[in-house]
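In the two assemblies presented below, chain A is common to both, partnered first by chain B and then by chain C.
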Partner chain A sequence: MTGIELRGVEKAYGGNKPVIENLDVQIEEGSFTILLGPSGCGKSTILRMIAGLEKETAGEIFINGIDMRGVSPGAREIAMVFQNYALYPTMTVKENIEFGLKNIKVPKPEREARVGEVIEMVGLTEYMNRKPQHLSGGQRQRVALARAIVKKPKVFLMDEPLSNLDAKLRAQIRTDLIELHRNLGATFVYVTHDQVEAMSMGTDIVLLESGRIRQQGAPESIYSAPKNLFSAQFIGSPPMNIIKAENLEHGGASLPPGTVSLGFRPEKVIVSGEGRAPERGQISFRGELVAREILGDHAIYKFKTAFGCIHTKTMSGSTVEYGKWSVRVDAKYLYYFDEKGDVIK
Partner chain B sequence: MSDFDKVIDASKPLAIPIPRMAAAERFFRSTARAATPYIMVAPAILTLCVFVVYPILYMIWLSAFRWDMIGPKIYVGLGNFLDLFSNQDFYVVMGNTFMFVFFSVSISIVLALLLAIYLKAKTKINALLQGFVFTPYVISMVSVAFIWVWLMNSEYGLLNYMLGKAGVSGVRWLEDSRVAMYSMILVAVWKGVGYNVIILISAMHAIPNQLYEAAILDNTKPLKMFFRITLPMISPTLFFLTLMNIIASFKVFDQVALMTRGGPVNATNTLVFDIYQFGFKFYQLGYASAEGVVLMAVIAICTVAYFGALSRRVHYGAEI
Partner chain C sequence: MRSQSGVFWRTFGKACRLAVNLLIFAVFFVPFYWMFLTAVKNLGQTLRLPPAFWVSAPHWENFGKVFDAIPFFSMLKNNLVMTFGIMICQFFTVIPAAYAFARFKFAGGRFLFGLTLATMMIPAQLVFLPLFLMFSKMGLVNSYASLILPWATSSFAIFMLRQTFKQVPQELIEAAKLDNASEWKIIFKLMLPIAKPTIVTLGLITFILNWNDYFWPFVLTTNNAVRTLPVGITSLNIVDGGVKYHILMAGNVLLVAPALAVFLFAHKQIIKAFTYMGGK
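Let's turn to the complex of A and B:
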């Protein structure tokens, strides 16, 4: 069943050109949906329209089948976690969490029980009576989560909630969020520009560019079957290598008709000694290793070739020394793109 | 001694002669270093002493004498204070002062808060209205006083003219001893409220919008939004502003001197105007100094009491 549905939604500020035009999105109930895209693609605006903090210029938004037109943000059975947490600085941790419950007049015994349970869940029992300014970034983040959880919403909206945390904490809260999503069974809508967050947490990714959906699907399908150059290059770290086809033609390679560029993932590249002839069904580039990043379990190399730079990623094995090499990739791992940037099947 | 012995000797600290400063020079240098910060702040401290500390001490000293500025100073001990506290007029003056402070500050702050809430939205018309409410603050008190003396004139003033048109009998704004103080408060509020409005609006603009959005999602009603978010967030500004208003109101002089000269029948006579009267019209400088000491004590006590009562409820730390 559809949890959230946007039909023909448009958003314009003032008399300007709309930032979002005729957008249709379907978000499955109980999914962990990521709105992913570069800054300025409208992902936060979409989230804020779902929350009701911003009004759509045209179109309709449904949450669990109910038209949200005229429904106030507080009545939408949603909870939101902000990038800067937006904790009430004058209230203690406990007061922050119970504020929303007090406003809808939840009886005191129930309120106490719910608040106590949630504070324990996020592990802040001993910080209950502290003000947010006396908490670390990670603790504030957990208060913000607790404030959302305690309302028992059907939908959690999160606007880049991890971007103010350091890398280690981010990785930790990422797994916490996955666990939380599994435990609560609620719909999570999560805005980020970080494809690692998207791939690691999402059950469904909506990839956006300039207010339009470029691809929507499970992380693995977006990774293995990108529909266009944009998703090919947005997902994956480092992104997909793209080679202009016109350069290749001279090498006598046979490409599907209409191919303008082709791509392959750095993970699929094999590095071998220079001058080694490609095997059947492979293409090969001669190049020079110009940079390498040794990251323990894997390494990333940058080769300069006649066709442009090629990144490769190897999971194990000996370190490749600086010098001239031949990089090869199996034809079955190649993606072909037409002049509009769409993938050719 | 062989060459070998010399090598062994070299392991001992080398006796290279280090140029030594003369003891006197060393003493001078360390003293100069220690004195530098004091020399740096000396001009400020000196100015403070000459223009603030000395006058205060002189005032306190003078309050123990009877002096008419010409003849010799006669030591009377606490005599001036005894005179002061046995003078019925002094209690009237103190009552007037407290009334003026209490009403002008509370009305001005509450009104400024209401206006700030109304005017904080950034629109063109609000920018204009903010300018209007701020204008009285920049007008000289002399002009303000004359405008209002004319407006409040019971015979040909505009206020009574308009009341007359509305069928209400005229008020003797500044001539009726029961009304005069309220008229003074009205003018003080009119003149001062704009400043408070501007300061409060800027404090309100500093509140992150996300707090309001979080509160909207928490189903917060507008009134609660004001008391739980806006008010606590602007509390440091409000606290400071109120304190400054209180101190300034205690020291009101120009408005009284220009509009009523303390009249009618002492109804608008406040402490500083009374000090002026005794000091520079009746030439009783000892008595005036005693009043000055009382004013200083009253402001100090009010400030301490105000801090004690409210400072713990003020939220500092704008970080969210």
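Let's turn to the complex of A and C:
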């Protein structure tokens, strides 16, 4: 069943040209859906329209089958976690968390119980009576989460909630969020421009570019079957290697008709001694290793070739020395793109 | 060598800071001291040259003479009624105006705000005559209304408070909306507590400004029944001929004492008002 549905939604700010046009999105109930895309593509705008903080200029939004037109943000049974936490500075941690319950007049005993339970869940019991400015970034983040959880919403909306945290804390809260999602069974809609966050947490990714959906699907399918160049290059780190087809054809390779460029993932590249002839069904490039990053369990190399730079990623194994090498990739790992950038099957 | 010169510069720096602090202290403190000192001198001592910086036998009776010369307590009452009347009126006019200017988009909003700011630039000397005529036509001269109504709002306070409200991040208000808070709840539970240091500071400025105001009460009143302390104190100047600085200063001590007390109690809040946004 669909949790959230956008039908033909359009949004224009002021008299400007619309940033989102005729957008259809379906978000499964209980899914952890990521709105992923580069800065300025309209992710926050979409989230804010779902929350009712921004009014769509055309189209309809449904939450659990109910048309949200004219429904105020407070009445949508949603909770939102903001990038800068948006904690009420004059209230204590406890007051911050119970504010929403007080406003809908939850009776005191029930309120106390719910607030206590949630504070304990996020591990802030001893900070209950502190003001937000006396908490660390991670603690503030947890207050923001607690404030959302306590309302028992059907939908959690999060707008880059981890971007103000350091890398370690980010990784930790990422797993916390996955756990939380599994425990609550609510629908999560999570906005980010970081594909690592998207891949690690999402059950469903909506990849956006300037207000349009470029691909939607499970992380694995977006990774293994990108529909277009944009998707291929946005997902994966380092991104997919892209090579112009015309250069290759001079080298005598035969490609599907209409191919303008082709790509392969850095993980699929094999590095071997220079001059070694390619085996059947492989293409090979001669190149020079110009940079390498050894990252413990894996390493990333950058080769300069006649066809442009090629990144490769190898799991463990021996370190490749600087010098001239031959990099090869199996044809079955190649993706072909036409002049519109769409993948050729 | 290096560490020695380091010690020298550090000591020098400290000495400089101390000197500057002392200077600032002197600039603020000496006038108060001088006022208090003069208030307990006798006439001869006030006129002596060079002046004495200390009196061994203070003349406390000067304060008594103030009470004899003017209806001190009724004027004090008038002062209180005027000052608090103005503060209460401003509370009810400034906060809604500032909130509306900060948060709502409405037709003519920008123009009205510009107009509000423009009134800050009109000198009092320009409006006192028309204002006086207006009040006298309405028969309000010599009443509390004439003391309070001209200051029932303050464009300066509206401006300051609007800025404070504007600084509250939009996200905060949106979070409150998602928390089912009504506009009133947002005002009373969120915006006003955040703006509290500013409001307290503005209240204090209003208090001190109006408590010590001389010009307007002097223009708009003609009899002692509604005249305020600053007007009364000034009249001490000419008590049975000759300038009596000691009595005048005794009156001034009595006048500024409440303002000083209020300031001492509230100075923490004032400091907070100017540091709140930095320390979020």
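Assume the second predicted complex is superposed on the first by the 345 of 345 C-alpha atoms of A that agree within 3 Å, B and C clash if a C-alpha of one lies under 4 Å from a C-alpha of the other, contacts with A are read in each partner's own complex, and residues count from 1 in each chain.
In this text, a contact is a pair of C-beta atoms (placed from the backbone, for glycine too) under 8 Å apart; a residue touches a chain by one contact, two chains touch by 3 or more.
Computed from a predicted structure; not experimentally measured.
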Fit-or-clash call for chain B and chain C when the two complexes are aligned on chain A
clash
Partner chain(s) touched by A:P89 [first = chain B, second = chain C, both, neither]
both
Pick one for A:P73: touches chain B only (first), chain C only (second), both, or neither.
both
Regarding the shared-chain residue A:I50, is it in contact with chain B (first), chain C (second), both, or neither?
neither
Is A:Q133 touching the first partner chain B, the second partner chain C, both, or neither of them?
both
Once the complexes are superposed, what residues of chain A are shared between the chain B interface and the chain C interface?
51, 53, 72-75, 78-80, 82, 84, 86-91, 99-100, 103-104, 133, 147
Spell out the residues on chain A that touch chain B in their complex, using ranges where they run on.
51, 53, 72-75, 78-80, 82, 84-91, 99-100, 103-104, 131-133, 147
For chain A, which residues count as touching chain C in their complex?
51, 53, 72-75, 78-80, 82-84, 86-91, 99-100, 103-104, 133, 147, 151
For the chain C and chain A complex, residues of the former touching the latter
169, 171-172, 174-182, 185, 189-190, 193-194, 196, 279-280
Going by the contact rule at the top, pick out the chain B residues touching chain A in the complex.
208, 210-211, 213-221, 224, 228-229, 232-233, 235, 315, 317-320
